[in-house]
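Each of the next two complexes has chain A plus one other chain: chain B in the first, chain C in the second.
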Partner chain A sequence: MKPGKWYPVIILVALGLLLPGAASPVLAAGKTKTVVIGFTASKTGKFNVEATRQINGLHLWMEQVNAKGGVKLADGTMVKFADKYYDDESKKGRVQELYTKLISADKADFLISPYSSPLADASAVIAQQYNKIMITTGAASDSTYKKGFTLVYQTYTPASRYLTGAVDLLGKLNPSAKTLAIVHEKDKFSTDVVNALKAYAISKGYKIALFEGYDSGTTDFAPFINKIPQPVGAIMGGGHFADTTTLAKQLYEKKINASMIALLVAPPEPKFAELGDACISVVGSSQWEPAAKYSPESAKKLGMEYFGISVADFTKSYQAKYNGETPSYHSAGGYVAGLLLQKAIEQAGSTDTAKVKAVLDGMNLMTFYGVIKFDTTPKAHGLQVGHDMVYIQWQKGKDGKPVKQVVWPEAAATASAFVCPAR
Partner chain B sequence: MQAWRRLGFWLPVAVMFVWGLLVLVMHHDTVRETAFTLFMFIALASSLNILLGYTGYVSFGHIVFFGLGGYFGFYLLSQHNWPLLPSALAGGVISALIAGLLGMAILRLRGAYFALATIGINEAARAFADNFSPFGGATGMFIQFSAYEPYGGPGPALWASFIYLWIITLAVILVSYLVKHSRFGLGLLAIREDEDAAMVMGVKAPRAKTIAFMLSAVGPGMIGTLYFFKNGNVEPGDAFQLHMSIEMLVMVMLGGMGTVLGPLLGAVTYVGLRGYLLTTPIFQNLHLAVAGLILLLIILFVPAGAVGWVRSRVPWLRRALE
Partner chain C sequence: MWEQLAASLTDGLLLGFVYGLAAMGLTLIWGVMSVINLAHGPVIALGMFGTYLCFTHLGLNPYLAVVLVAVLGLPLGFFIYGVAVHRVINAPHLSSLLATFAVNMIIIGVGTAVFSTSPQNIDFSMGTLEAGPLTVPGTRLVAAFGAVLFTAGLYLFLYFSRPGKAIRAVANNRRAAELMGIPSSLVLALSFGLGTMIAAAAGGLIATFFPFTILSGGTYELKSFVICVLGGLGHPLGALLGGLILGGLEGLVPTFMPVSWVPVVEFGLFVLVLLVKPSGLMGAK
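After this line comes the complex of A and B, so read on.
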């Protein structure tokens, strides 16, 4: 065979080898971009349970949005998301150091807050300093958003509205109840909640029979429980997961009676059911529940846009990814933090801070997590004003095991609340 | 005293001076933040060393001065619009005064009784902050983001905090050296070896211990103010963290109690070790337990710490390692 006969074959093979290699860098450089989301996570320490669920939610969102090809910008670039995070040990000590590292060294484009208000406060200073948008989740204290930050946005219903609905529920459940005993953790978040609760209860005609704070990390609540007058209309308060769970258990063991026991943070967590009979009838305020009825239809009724995954799909995909674990509101909070960034980038058509901020400022939509709208006044910029709490109560299922039911507001209720039975 | 002629004086001072200068020259925010954490622990450990290392009195609640001084300084800063430096100085002064008052009462206790009393004081101070309305009670106090504007914005404000911390750390190390090589310091060392014998020899132990306690409280009070200013808020839970006291003890013991260089070395080693433990899956939930184990091993096998161990084995290095 003459050598010249091979030329077309050689040219074709050469083209075949060269073209994909030549084409792909152009595509990669012009059409895709990775946006880094930075945060610290309490992988160790007292916020470990809540923070882990929060990260799980965020990771689920990231996996789903990337699987769909990412978010398309105005110039046709597809944005995919990656995360970078460090353990903050549930302590404020290194939060600023780590957020500075995330921004300066790891080149994070957007930030998610650490879990809890004190840690979020410290990180917000760094976010604002570097002109980075931060979505807070797990940071409910109102004061964080009253410091003059302009790039910090809250997903949670603020602490001042955490337990006020429980007072309304009590009025419906037992109109003759007129006294409240409030026992709470003496930290920033819980104190913010109960101060607002106390003011609201008094405005509704209730008498505060006891208003006592306990130190973080308290494990023996006997001194506080012994001070609760009997009879009492309702016992409200608590703090974070560990202490509130112990408080609920000891209230049961000491056979304290009240028409309602409404506590913070712990009751909505699936692990709260491990208390067995001690969890029955306990009411908890929750940012979100799998039984929540947020849907495109309910958004349409309110005349607003619905964005993202449905409640059922979120619950199903979360359970599928995390070995059947039921998502808590911390998980939903993590997911929705990413979802809001996705929506803002998508609508802005850009990852530019000013453009994304403009979209977030004007945001008024419904997601599987509920309504999202931010205060844009200089006095409380970024404070969540659209989202509302739901109230759950642990009830006995048909098999005798504890089942969590949404009992308030009535429009979202999956079951009727009942008065705490005599113990 | 001709301290400036001794290598042992210049080594820690030069290390801290050059380190801080390098951070300023590099002008990189990440480097600054890492250095801030390290300098803070170096200054806290060196402050504790003035009490623990020179008098032998173990304070498990020394972080109380970081909290109380920080609270007071932050109060002046946030509620009365004082500038940062005077607020920090006031935080240091108030810490020293409180230490003076406390010292007159609890430094009469010895050994385990004194150690237990210091834990009680830390908890009492936290309870005080929790319930004291002018300090914001359990919710604490915060500053508006605009509070950083007088310093040129948040970036320059954080750099200013770092520079003040650098100067304070240098000052604490200087004080530590000067105390050790003074007549007063010799009295303290005598108290550490045998308090009764020291008193027989003419050392006014109660007064000397109280002054040492006050000196050891100034630095933490000033640093607390800087730290809370940088964070933008202060709360009781952050101000009185007992585990930080224990970490300070580990740093001093690790580096060498009663030495000037020891706390510096101990703080750097411990913070580095903690960073490693936290990023190693097997240890990340156990880093405080590991710290406890290290403390136990040091007490059992190297009670003089790293610097003390080297000093005892390499005599010609004694002049350099103070």
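After this line comes the complex of A and C, so read on.
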């Protein structure tokens, strides 16, 4: 036999050695795969505070899931997770370019949204175009999910249900209050929230005494504050951390009185306490709080599965990793985004987009963060329909320092809400 | 209605003093050397950060920090003048415009790298003054008072000191001033230094009551241009008047219409002044 006749056999043997997974089912069991999760993080700019917490939460999840060996697929492959991210500078204009790079150059398998509705909205377009599943977190605007996307899934309670509970709380706290002043940031998320809030308040018989928007990045709220009629039942609105904190501070400096001040995004952040007396009595809607009572038992009562870490363990491990920092709902949102991907991949037994999507579509479970269920109708695919908000109020602790308490709904309350004292 | 008007107008006018101070730096540089200083905004932002750093890291009272920042603004102005402006001082306006724009980009670039664009805040309270319908935060009152002090200082310097008189002489006629033995290069550098010093001081005062980023100076730079046109380019006291008009408008307009109309009215007035009295309210005839 000529030596050349052996070449195909030699090549086949060599390939068999090079691809051990293909050569033997025994070897397949030890196979590992790294799934890249791509996202942008607002490491600079006005969303820095919220986005940093969000990424902290995501990193904690990744560290924990990888430490446990990863997620096992149907073929026995163990999936571990790695992240790839860039700073979007809190600018919508940077997002699409960076997500395209994450998918094309960095080969991201799954995507997490950036923080904030406008940025998430911009990134969702790219996820859908490139057939990548994206879990959005830190993005509550309803409208993103009404654009026909099929691969974008929301973890937050939508903006349309963000502050409506505050109206119910006001009714309980001061039934004689009949007017509302709404001052809000003129961005997508805040506008969605206050439009829904306004409609709900009117339906409950409240009169809207002021409804005015301010530009993102506003630092002088005096022109708006001076327009708030006195007396007023409640002041509601705000936008994101930086502007809402300034608004709360200036409301205090101008000694504006109202039965309730309920603002967006900033109050649940532990950093809000740095306002000192100006934060006392301010109410905020929160996607999650460390005092939340989600547990395997409560899931059982509702007849649903509980998945992942407990509330206490999440809080404890987050504090241990981040120098004692108490996690905010932004941190929990980051963690749960990863957790949902983990659950979907685990249940699908695959990292294939179609199979993971099928699991997400049918998802109805409870986690430490609350109930998760997505709308699967073509009109609002991916919209969060299972999760509910809680409302917190900053109160004075025994040592005189501000303490955050859950005050609404009553079933989840850790303290009773009080009317904003005269300033 | 009247209570709202009084409160809004007071807030606007107090802010107007600080706007006027910020614009004074710009108008001084224009008046003496006909340079439109596009580095004005970033210098205001540097003043904010300088005050912030002195307050948070050195524990200085923010108003003392403003004085320190103003003092440091003078050599900074000399430096910017020497590096970017001096060589193009006699070139067409576009050259100095581009040179100061380059400085603007450098400061913003370095500032973004060092401080990021996350908002910072000087957490300092001076209490609140209450008088009838008026509730005015103390920090705004002190800032307005500070702006008046800086303006008075500048006025005294320009009208009663030899270097100040030299600046006015160079602004009036540089060639004639040189023939009288005034070293015009030094005077130009001093003018740029003074302009920078005032801008930095204005930034420091603003930082005591508003949060800021390295990009915040842009807003005040834009307002400064409007104020300079209102008051008359090259006229420091005109800048204070322009600042008060702008601040007053910012207080007045929201009483009668949505706040989003404020820039429409401001820039409408800007165009109107350019059409009717291009030299400004206190500008040369």
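Throughout what follows, the second predicted complex is superposed on the first by the 393 of 423 C-alpha atoms of A that agree within 3 Å, B and C clash if a C-alpha of one lies under 4 Å from a C-alpha of the other, contacts with A are read in each partner's own complex, and residues count from 1 in each chain.
By our rule, a residue touches a chain if its C-beta (ideal position, glycine included) is under 8 Å from a C-beta of that chain, and two chains touch if they have at least 3 such contacts.
Here the structure is a predicted model, which is why all the values come from computation and not from measurement.
S.K.: Would you mind checking whether chain B and chain C clash or fit side by side on chain A after the superposition?
M.R.: Clash - chain B and chain C, as placed by superposing on chain A, overlap.
S.K.: Mind working out whether A:Gly93 is in touch with chain B, chain C, both or neither, as first, second, both or neither?
M.R.: first
S.K.: Return first, second, both or neither, reflecting whether A:Lys178 touches chain B, chain C, both chains, or no partner chain.
M.R.: So A:Lys178 meets neither chain B nor chain C here.
S.K.: For A:Thr44, using the defined touch cut-off, is the partner it touches chain B, chain C, both, or neither? Pick first, second, both or neither.
M.R.: After superposition on chain A, A:Thr44 lies in contact with both partners, chain B and chain C.
S.K.: Thinking of the overlay built on chain A, is A:Lys227 touched by chain B (first), by chain C (second), by both, or by neither?
M.R.: In the superposition, A:Lys227 contacts chain C only.
S.K.: With the two structures laid over each other on chain A, which partner does A:Ala242 touch: chain B (first), chain C (second), both, or neither?
M.R.: second
S.K.: Looking at the overlay, what does A:Lys80 touch: chain B (first), chain C (second), both, or neither?
M.R.: Once the two structures are laid over each other on A, A:Lys80 reaches no partner at all.
S.K.: Between chain B (first) and chain C (second), which, if any, makes contact with A:Glu274: first, second, both or neither?
M.R.: A:Glu274 sits against chain C, while chain B stays out of touch.
S.K.: Is the number of chain A residues in contact higher for chain B or for chain C?
M.R.: B
S.K.: Between chain B (first) and chain C (second), which does A:Gly213 come into contact with in this model arrangement: first, second, both, or neither?
M.R.: both
S.K.: Quick one: classify A:Lys316 as touching chain B (first), chain C (second), both or neither.
M.R.: neither
S.K.: So the two structures are superposed on chain A. Out of 98-106, 134-142 or 170-178, which stretch of chain C collides with chain B?
M.R.: Only one listed stretch clashes with chain B, namely 98-106.
S.K.: Once the two structures are fitted together, what part of chain A is touched by chain B and by chain C alike?
M.R.: Residues 43-44, 89, 186, 213, 215, which sit in both footprints.
S.K.: With touch defined as at the start, can you tell me which chain C residues reach chain A in the complex?
M.R.: Within the complex, chain C touches chain A at residues 4, 7-8, 11-12, 15, 112, 116-119, 121, 123, 125, 128, 130, 135, 137, 210-213, 216, 250-251, 254-255, 258-260, 262.
S.K.: Considering only the defined contacts, which chain A positions touch chain B in the complex?
M.R.: Residues 43-44, 87, 89, 91-97, 100-101, 103-105, 118, 121-122, 124-125, 128-129, 141, 143, 147-149, 186-188, 190-192, 195, 213, 215-216 of chain A touch chain B in their complex.
S.K.: Residue numbers of chain B touching chain A in their complex, please.
M.R.: It comes out as residues 28-30, 32-34, 36-37, 126-127, 130, 137-140, 142-146, 153-155, 158, 230-233, 235-238, 241, 244, 278-279, 284-285, 287.
S.K.: Please output the residues of chain A touching chain C within their complex, sorted ascending.
M.R.: Its residues touching chain C are 43-46, 48-49, 89-90, 186, 212-215, 219-220, 222-224, 226-227, 242, 245-246, 250, 253-255, 274.
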